[in-house]
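Both complexes shown next keep chain A, but they swap its partner, so chain B is in the first and chain C is in the second.
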Partner chain A sequence: MNVEILSKKVFFHALLLVGVIISVFPFYWLVVMSTNETSAMFAFPPKLTFGSYFWNNYDNVMQNMNFYRAFLNTVFIAVVSTTLQLFFNSLTGFTFAKFKFPGSKILFYIMIGTMILPSQMLLVPQFIIMRNLGWLGSYVALIIPSIATAFGIFWIRQYALAIYDDLLEAARIDGCNKFGQYWHVALPVLRPALAFLAITTFVGVWEDYLWPLIVLTDSSKFTMVLALQQLKAAHTSDYSMVMTGTMLATIPLIVFFLIVSRQFIAGIMEGAVKS
Partner chain B sequence: MKIKTYSSILLALCLALVVSACSSNPSKTDNENKSENQKVTLKLWYWNGAISDASLQAAKEKFPNINLEAEKLPSGDDYLTKLRTTLAGGGSGPDIVAMDSWISSMLEYKNQFVNLYDQGAHDIESQYLDWKWKLGADQENQYLIGLPIDVAPVVLFYRTDLFKQAGVPSTPQEIHEQVKSWEDYFELLKKVKDKTGSQTGNIADIFRSIVGQSPENFFDKDGKYIGDQGDVKRAWDLSVKAFQDGLTFPFTSDTEKNAAINASKINSFNGASWSVGDLVSAAPDTTGKWGIAYPPGGVGNQGGSFLGALKHTKHPKEAYEVIKFLVSPDNLVQAYKEFGNYPSTPEIYSLPEMESKNEFFGGQNLNEVFSEAAKDVQIAPSNSQDIMVLNTIIEGLTKVDTMKKDANKAWEEAQTKVKRQLSR
Partner chain C sequence: MGGLLKEIYKSRTLYLFISPFYILFLCFSVFPIFFSIYLAAHSWDGIGEMKYVGLDNFVYLFNDPVFWKALQNNIILWLLSNGPMLVISLAIAFIINLQLVKFKSFFRIAFFLPNITAMVAVVIIFQSFFGNEFGLMNYLLTELGLNKIAWFNSELGVQTVIALMIGWRYMGYNAIIYLSGLQKIPKDYYEAAELDGATLFQQFTKITLPVLRPIILFTIMMSTIGGFQIFTEPQVLAGPQSPYPGSDTVVLYLFREGFKYQHFGYAASVSWILFIIIGLFSFINWKFFNKSED
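On to the complex of A and B.
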């Protein structure tokens, strides 16, 4: 019996290990390439071990792009954008879930309908709106249009449907107004949903390429992904340098994910024990 | 509770930042207007590798009363997307704009560009290669939207050692004289393959090269589709023949191609002048064994950029002066030395500064081949649908190799697909 369980365990762990190797390898390769010369990338058989060119490549990255400036720009946009999105999405989602008002259903479905439109289609109209508002070239044009998203509102609403009406009723009797019910009752319950939304939003903003490309013109305002593109030349690229830049740009995302995912899992556990 | 306090502070901060950013905008433009009175500000968009940084610096020094703001933007399709959206949305684009070989698609919107002929471009026309110059002008040659920067003649890159080993023509001179047509080239490839086992680029490379050097490709000058006959059909048949004779190497990506080149599995390929840099960095194990020669079948062009001015600029005169300076022969030599962009001004081809001997190519002076090829480039009438047609046909052609599809069937299917797209 014990042997059977053990062999099963070994089997599943071997399976998981294969999965881990497959998903980790691209990142491992990224790190390897950032420590080698470009020519090693095309060598046959490919070089799979770390080289000694990391600081060389690092210097090249720093010379060819304003890395820390782009880094701070992106952190700024991502933090502001994520915070505002969490607030407005959860406020709207909670309202849609818990308060009935005339036309609330229709409004909700119209909003869901906008998810069908591909973002490329909105490019030119949105650009014209930004031009008329005089926001082109500024971060406002990056932050405001995505301040509330159909997906975020939908996501929060689904989660907020599970909040007991009695709980809100109790809060109302204790003297909470509608905003108080949202702030004191709904928000704490929504924490796992918010953590998930925070991760996707933050990563989404960090990686957003097309819209910043169109809107920003001043290269000192460039976000990380845009600035990384400056490393690539029209024809010949120093791939080790590009890889080094890409690797450095990925690290903050991983750190952020680790921090928030703990919140996320903590939230799930909390709910499980309480019920 | 603590988290909540923090988060409400953060939220308030974010809102405040956004609101203040909204209101700070107008004052900023005021400042810009003020500085404009003293100094003319010109914005320039380009991508890494289009204009030499040294030339931009030189321009800033030459025009002290112009504040030249050069923005290095992402290259390739991204650059085009940004420019297109800005033109379509009527946004505040740059004053001066670099354009790649897609300049012909911008001629449709020529009204958004300054006509450089009005600024006196006729005076310098004779300095530039005629075929290159005309790419930036409309059909009647009345409206010019860009001045030429560089050209990219396609030549034959080949392994001197493998060619020698196979006993085929192996000096640039011999190849130019004896390998004139694609049939000659295939004959040569067969011998080299028998002796060394090496091949040429993939099936699509051959098609692209032949189409590139034809006087007419997918559309005639009136815009009629002729991609189902003539030179295109000939290119297709030749590519299929090369594949069927086992002369092509079946790589599917640049990475695979580079690896094959470095492993001496590829003995020659047709490449533009800028592929020198790619080759050198991709194939260090083959250093000293390469040469370039005048290509079989004629010379095509792959790439090469332009500088133009947008109509909304308040200073077309100054913009023209800056453009004229940036594309002057002296600055083009600089760009050639810096990143191998071959100049479009033939008068400088014979200058000693243009000599480029490279150890990777066994000390051959590459300029001798490029200068001759650049003057012989064939240009076909262009059409905004060219890229779609090329991609569709190449997609079909690749299936002949990767999926062992019947060549006639693949041709029919590709043509049907193209015609369906065109009828939309």
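On to the complex of A and C.
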């Protein structure tokens, strides 16, 4: 019996380990290839150990791509976008969770309904709207349409339902108006939900490809992924340089994720249960 | 009536609080929807005069073999990536959830890691595994005594590469979603089943699957919507060239027509067809899974 349990234990852990290797190996490969020449990638067998070409590749990336510019662009858009979204989503989510007013139910369901609209559907008309507003090529076109999102509002509302009415009542008696109740009572309580939303929004902005590709016309305004694909398209033969650029763009986010991963995964799991 | 107006007036701050979403919704969703219906009935290059063409855009679309090919590729890509992935995700979730498995949070984080990587980066990384002649994958194949595969020369080869990218990026994400559902199952269900002599496989089919059914439906719906929106993978893979064989998709077709050729009216009709296709497939999924419940 004990032997059987032990062998089961070993078997399942080994199986998971194979899965982990599949999940993690491409990152290892990415880092290793950023220290090698392109030929190492297509050697037979491919070289799987660190080489000494990193600084060489790094210099090539810096010469062929405005890396730090793209990095700062992306950070700027992500920070502004995330801050605005956190504010508007939490204010709206809190209002829906804690107040009843004429039409509140219908308005809430309309908002939920918008989640099933595939975004690609509106690509053409949204592009033309942006053009007519003169927003093409500007970050405004990336930031403004998504400062309040159905997913974010829904997410915050689920959390805000748990805020005690007595707390809000006490704040009201102390002279807080509705915005004061949101700012002084709800926001501190909502902190974990906001943290999760902040990470998803930030990562989402970081990864967004199709809409920035359409809206951003000037390559000095490119976000990281746009700059990366431009680098790749222009330099098919120097793949180790492209890999180095990708590594520099990817690893910071991975490290950031590892730091916050516990709360993040707890957040996803909770969210899945709630919705 | 007066009472209602009074009530509305009293709640004016609350309407103000929720207004940003609805203002954006009106400007960037409701208005575009109607505008796109209007566009779909016109021929327009974005600058010149709009020309009313009735249903001509749709007639052209239905007669365009390139569109049908893109749709076919899209369905293959969707099945090839999501079918195996969801099964593997389910297995991962089931195993991590077993009582005898240790280091659960380590496994969760490790499996989730690929999802944090931007799709553009995933394409760049995965493209370097596959070559027509060389590359890591062909090396592994020859080590296993198999023939090399010229990955980018055949439709199925390209489709497999793209399916692997999608599978790798979303496998852990879906496993985490399943895990959250599994954790709602009380531990004594499994303990009782074990006492009754149920094998792991029986526990999986008799307890896990039925409880997870709604979540499985949710992931299938999401992956269907995602599957018909595939764009980044084939676009970045081929770069400035036309897409590799077998990898032209509906959104890629839409993108080309709208933003490369400036056929805005035509692109708007493509997006309506895309919407109908996604709706249709979601409906089929939903029907199919609801039926198999009884």
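Note that in this section the second predicted complex is superposed on the first by the 224 of 275 C-alpha atoms of A that agree within 3 Å, B and C clash if a C-alpha of one lies under 4 Å from a C-alpha of the other, contacts with A are read in each partner's own complex, and residues count from 1 in each chain.
What we mean here is this: a residue touches a chain if its C-beta (ideal position, glycine included) is under 8 Å from a C-beta of that chain, and two chains touch if they have at least 3 such contacts.
Note that the structure is a prediction, hence the values are computed from the model and not measured.
When both complexes are overlaid on chain A, the residue A:V75 reaches neither chain B nor chain C.
Applying the stated contact rule after C-alpha superposition, one finds that A:S219 touches chain B and leaves chain C untouched.
In the superposed pair of complexes, A:I163 makes contact with neither chain B nor chain C. By the document's definition of touching, both partners, chain B and chain C, reach A:Q229. Within the superposed three-chain model, A:M62 lies out of touch with both chain B and chain C [touch as defined at top]. In the superposition on chain A, A:P145 makes contact with chain C only, not with chain B. Within the superposed three-chain model, A:V124 lies in touch with chain B and with chain C [touch as defined at top].
In the superposition on chain A, contact of A:K8 is made with chain C only, not with chain B. In the superposed model, A:A249 lies in contact with chain C only, and not with chain B.
Between chain B and chain C, C contacts the larger number of chain A residues.
Counting contacts by the rule stated earlier, residues 41-44, 46, 123-124, 127-128, 131, 144, 209-210, 214, 229, 232-233, 236 of chain A appear in both its interface with chain B and its interface with chain C. The touching residues of chain A, counted against chain C in their complex, run 5, 8-9, 12-13, 15-16, 19-20, 22-24, 26-27, 29-30, 33, 41-46, 88, 91-92, 94-96, 99, 101-102, 104, 107, 110-111, 114, 117-129, 131, 144-150, 153, 177-179, 182, 203, 206-207, 209-210, 214, 224-225, 228-229, 232-233, 236, 239, 242-243, 246, 249-250, 253-254, 257-258, 261-262, 265, 268-270, 272-273. Looking at the complex, you find that chain A touches chain B at residues 38-39, 41-44, 46, 79-80, 83-84, 87, 123-124, 127-128, 131, 134-140, 143-144, 187, 209-210, 213-214, 217-219, 226, 229-236, 238. On the side of chain B, the complex with chain A involves touching residues 4, 7, 10-11, 14-15, 17-18, 21-22, 25-26, 29, 43, 45, 47-50, 71-76, 78, 81-82, 85-86, 88-92, 94, 100, 255, 258-259, 261-263, 274-275, 277-278, 281-285, 303, 339-340.
Remark: chain C residues 4, 7-8, 11, 13-15, 17-18, 20-22, 24-25, 27-29, 31-33, 35-36, 39, 46, 92, 95-96, 98, 100-102, 105, 107-114, 116-122, 124-126, 128-129, 131, 134-136, 139, 142, 168, 171-172, 176-177, 179-181, 183-184, 215, 225, 228-229, 231-232, 236, 239-240, 251, 254-255, 258-259, 264, 267-268, 271-272, 274-275, 278 touch chain A in the complex.
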